[in-house]
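I'd like to ask you about the structure that follows.
Every chain is named by a letter (A, B, C and D) in the order it is written, and numbering of its residues begins at 1.
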Amino acid sequence: MHMLKVAVAGASGYAGAEVLRWLLRHPDVEIGAVTAGSNAGSTLTSIHPHLFGLEDRILEDTTASVFDGHDAVVLALPHGHSAALAAELPEGTVVVDCGADFRLRDETAWTTFYDTPYAGSWAYGLPELPLAEGGSGRHALEGATRVAVPGCYPTAVTLALAPGLAAAVVEPDDVVVVAASGTSGAGRAVKPHLLGSEVMGSMSPYGIGGVHRHTPEIEQNLSAAAGSDVTVSFTPTLAPMPRGILATCTARLVPGTTADEVREAWRTAYEDEPFVHVLDAGTWPTTAQVLGSNHVAIQVAVDERVGRVVAVAAVDNLAKGTAGAAVQCLNLATGQPETTGLAGAGVAP
Amino acid sequence: MHMLKVAVAGASGYAGAEVLRWLLRHPDVEIGAVTAGSNAGSTLTSIHPHLFGLEDRILEDTTASVFDGHDAVVLALPHGHSAALAAELPEGTVVVDCGADFRLRDETAWTTFYDTPYAGSWAYGLPELPLAEGGSGRHALEGATRVAVPGCYPTAVTLALAPGLAAAVVEPDDVVVVAASGTSGAGRAVKPHLLGSEVMGSMSPYGIGGVHRHTPEIEQNLSAAAGSDVTVSFTPTLAPMPRGILATCTARLVPGTTADEVREAWRTAYEDEPFVHVLDAGTWPTTAQVLGSNHVAIQVAVDERVGRVVAVAAVDNLAKGTAGAAVQCLNLATGQPETTGLAGAGVAP
Amino acid sequence: MHMLKVAVAGASGYAGAEVLRWLLRHPDVEIGAVTAGSNAGSTLTSIHPHLFGLEDRILEDTTASVFDGHDAVVLALPHGHSAALAAELPEGTVVVDCGADFRLRDETAWTTFYDTPYAGSWAYGLPELPLAEGGSGRHALEGATRVAVPGCYPTAVTLALAPGLAAAVVEPDDVVVVAASGTSGAGRAVKPHLLGSEVMGSMSPYGIGGVHRHTPEIEQNLSAAAGSDVTVSFTPTLAPMPRGILATCTARLVPGTTADEVREAWRTAYEDEPFVHVLDAGTWPTTAQVLGSNHVAIQVAVDERVGRVVAVAAVDNLAKGTAGAAVQCLNLATGQPETTGLAGAGVAP
Amino acid sequence: MHMLKVAVAGASGYAGAEVLRWLLRHPDVEIGAVTAGSNAGSTLTSIHPHLFGLEDRILEDTTASVFDGHDAVVLALPHGHSAALAAELPEGTVVVDCGADFRLRDETAWTTFYDTPYAGSWAYGLPELPLAEGGSGRHALEGATRVAVPGCYPTAVTLALAPGLAAAVVEPDDVVVVAASGTSGAGRAVKPHLLGSEVMGSMSPYGIGGVHRHTPEIEQNLSAAAGSDVTVSFTPTLAPMPRGILATCTARLVPGTTADEVREAWRTAYEDEPFVHVLDAGTWPTTAQVLGSNHVAIQVAVDERVGRVVAVAAVDNLAKGTAGAAVQCLNLATGQPETTGLAGAGVAP
């Protein structure tokens, strides 16, 4: 088939590098321009030495003209930068944004958590999202030319809990989520608390009290699944590992629901999904089993004593949590098979 | 002063070794017998090569006569083994049990979670526990000759959340806890999922659905703080670090309570405690900051949007979570200053 | 093209699982039988939960008849088991052995380090090995039906140092190697010193004094590069990471040789190699940059003060160090392009 | 006894914090001023939250007058800053410098590796150093008022190899050392390659080719042990752990020497040392066994095949490698028992 020429804007960060790692494996993609901000002019591999195969690439400035002649552009920019660039790109160019700018449909939710102007919303890039009205998030992505890739935490939490809300076996209020993320989720910014010396061997929370920016996106997704407003107590924690999110999510069981009905809700939601796996009863998801892959591992159980369902999901925050999802959306947008270039198991042990 | 002669029963495991590490630092303790089960006959340092200063010690069989002439015996045995041994020890000998056998006051709670006969309950070794009726858990320990050291998770969860229950600023029902533990919490048993190859870089839950044995102990403590029955949804997870527990605990805010009132409840509960520290607002506890120490770091915040309090505690599961607490109880039981041999900061970075 | 039907014997270990991970990505391979020893009868994913896509597979007993109808069989068995099985497989079946049994050409070297009978030697699976007589190890592998995959340490050490020996810019005697390996190199055996609790945060040597079994294989390879006998002081160490080898190798500089000549020897040795990369001066190889990939990163420098060359290589012990090499050899043996199914960058950060 | 009032200059870095951690445990020390450079004015615990017990301390500017009235000052400053400050401190004040400024006795060695003027040399703070003429480095430290604490690598390498040189069982030329260090050795500076995301799961070398600044100090120490010039090929590597150094050191065996003679040389060198331990044959040092302690674990073996001795030492780079040594020197300088405040086992697992 025609090779898609794909550029990456913001290739000096971890998300941009991971997009390139996936594009290198994609059989129908030719990697075009790679751009950066302050790192423009450097070689790509001076910053990302693992990208063998792209040793000759120089990071260019992120200006619209650089993307002329590309079929698609993946944006991996700091939040607040995507709208201006996207406005200058041709309508027919597929733009897939890994940033937050176009994820939220509610302007108030945006302005409560972000300090830049609201930019609007694009097709939301979570094909597997089970919807209250039936169907999934996939339909909105087929043939889309503007796609907002979900945040890493929202991907994990949404996939963990949405089946129970869509099937009305858990209550929509009083959802509690505690999630652990690897350090790459904090990006490549150099801050003392992200130094290896401080991170290794240490767990810590951050954003206690519902202040994390991913909260409204989680609520938006779970509300779409429930068909009614869902509010979430969300506490993110930092774990001593480079990659991976483990999201532990609990919601109150709808009285009278059996454990079998719960399990069936999850099983049917994902039975045809290539990347989302409800594990056999008695086995627990690990972030190791999805490392470097586009897979999601999920388990769900009922705590009868307290009347709560506990659902846990493991994802790779940079893969299915960001760049793998971007490529999955790119496939849907450009009419290729959804799994092209995304197959393959996680790197374990 | 008179040197206390202290023995350790079950010194081949991680808990027993950690008790010895603390006793080595105690100015008023002489280390007596060290015993083991299947490892009896081996040198102590062939199993625990970090215990410099005890290179000449041979692990003896765990039989009562070995403990003749000791002022105190610390038990670090598999559950179900403490009662028989304790029955053979003189009443005047101080016995401090790091195991679960004598922690639960309710026989039904024991039999629901354990497979050995109920042994009764001893003075509960959490001096800092704020009680509903006022005061703390300290009084019961002064001069006690039989003490049950709390489990590591119950220590972290209880200290995190009890102030709010004792002050009636959070609701006693619908408590949700997700806690991450380092791998030493699983002991020295060799199982594939505890191999370094499988653990490093990986987070995973275990015991999803309220089945962890520490659940009734957590509920017992929180109920003592609240003065009414507390039920808890508890999910433990395994984190890629050798030591440390980070417990993220949420409970519903009593309507009308302000954030200042919440903060004040925690501050006053621990203002005179030498080992429990409520951090300055805006800073988060890390397990690194308490590594190898008897300190506990706590933070609390209110999530107004969802009406929940989030309290987080960091402890070293083997130190304040087990062996440090054992020495603290030993001090209280024998009339020494409570902090003797326990001072000192965590090993960071 | 014709799909190759490939079986894996010994799929319950880390090496076997990694072979499957690579075969899943290979466009021209159909995965056939997967077998095990004591784990026969279990599902593959109960042991290796990351192998999504093979959830339906049951581990069969490792008997020759299981492999009927396969084009190739990859062996990942404990040492001493390959010969008997290989003898029962048809001559035309390509057999690629990840074990040690057929690596050594010298019977005395074998019997000095191993306790099972000498089985002979097969084509040695290191295509990139520069030979004293010119050319590389590739020729012997094209069309071979029996191939011995190199050990992980020998791969790293040989690729690091062989160019200097082949170009006669370093002396063949007095080679000193210290290498650090991730814990997966020790396999999936459960031993206390391999527990996560003991490994995380810890470096330790093992096999001090030249007793590691990979020593004669390293000497065999370096001797082939030098055209004369090379002896090596080899000390392996265990590093707190699941995967990766960093081999630091030093040899005495041939007097009068310049740093440029040294660098040129390495550059020319690998200039046409797709997987072996001599890094730009001033950058250092990291095991992270090759994680999960078939790439090798190498740097070399001259220490003029002491007259030694220092060459360092980073490989993934399970990938290029074992399973990636096995697939590379399979490609060469079956006439496919050597890089088929092996492209792609490491998983970083 | 009289409490010593001790200040720490440069308390915002890892070395300064570790000095404070040890001083907190010292029974005869009162902690005086704590100072910093750009962090002056901040609270100490905002930077080092593990230092419970010092929550009220504010970092002062590092000016000489701050240290009035102190018995001793420990310097933990960037290199090049110690001389000017020390010149302003009273001669009778004990000054212990954790930096490099006063370690080297040879001006040329200094100027080859450092870019600031040569400041001279002070008493060298390695009491256990076995000297060629007999005796140890301890004598020079008793009653000293100016002490240079050794570098972390030199401590590990010197203690590993010096016994063999002092006993003339290994050759002084052609020493090869490869050492792995935890990341705290690189300090608290924020650089991308020290981020947790890049460090965890990764080994890498740095300073290939004999360019590391600790090289001349290692050679100075080993030459003092040998009684003749020793040159060393030294390659440092970065390991994925916060603390710890594992130094693997090899030297050529003096022909005709037996393995027993080698072992005896090491045993006798350290038989009376409280902190340096030659392990039983067949056991290997681990950095975990000395974590947070002032102990050093050493093993030595002979590789008869190649005629080399391999000696390996494990130390905690911040403890015995820096701050523990500083306190040990402080004890010797002020006439206290050498081990005061330094006893205690490492934090393992």
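We adopt the following convention: a contact is a pair of C-beta atoms (placed from the backbone, for glycine too) under 8 Å apart; a residue touches a chain by one contact, two chains touch by 3 or more.
Because the structure is predicted, anything quoted here is derived from the model rather than measured.
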Query = In terms of CA centroid distance, which chain is the most far removed from chain A?
reply = D
Same vs different contact residues, chain A with chain D, by half of numbers used = same
Task = Look at the interfaces B-C and C-D and say which one is made up of more C-beta pairs in contact.
result = C-D
Centre-to-centre distance between chain D and chain C (centres being mean Cα positions), rounded to whole Å = 37
Query = What is the distance, in whole Å, between the centres of chain B and chain C, each centre taken as the mean of its C-alpha atoms?
reply = 46
Query = Among the residues of chain D, which are close enough to touch at least two other chains?
reply = 14, 182, 184, 188, 195, 197-198, 200-201, 240-243, 286, 288-289, 291, 348-349
Chain B partner contacts - residues on chain A that touch it in the complex = 174, 176, 178, 180, 182, 195, 197-198, 200-206, 208-210, 215, 231-233, 235, 237, 239-244, 246, 248, 250, 284-289, 291, 299, 301-306, 308, 310, 312, 314, 348-349
Task = State the interface residues of chain B toward chain D in the complex, per the touch definition above.
result = 14, 17, 20-21, 24-25, 46, 48-53, 184, 188, 200-201, 242-243, 277, 279, 283, 286, 288-293, 295, 297, 343-349
Query = Tell me, which parts of chain B touch chain C in their complex?
reply = 14, 182-184, 186, 188, 190-192, 194-201, 240-242
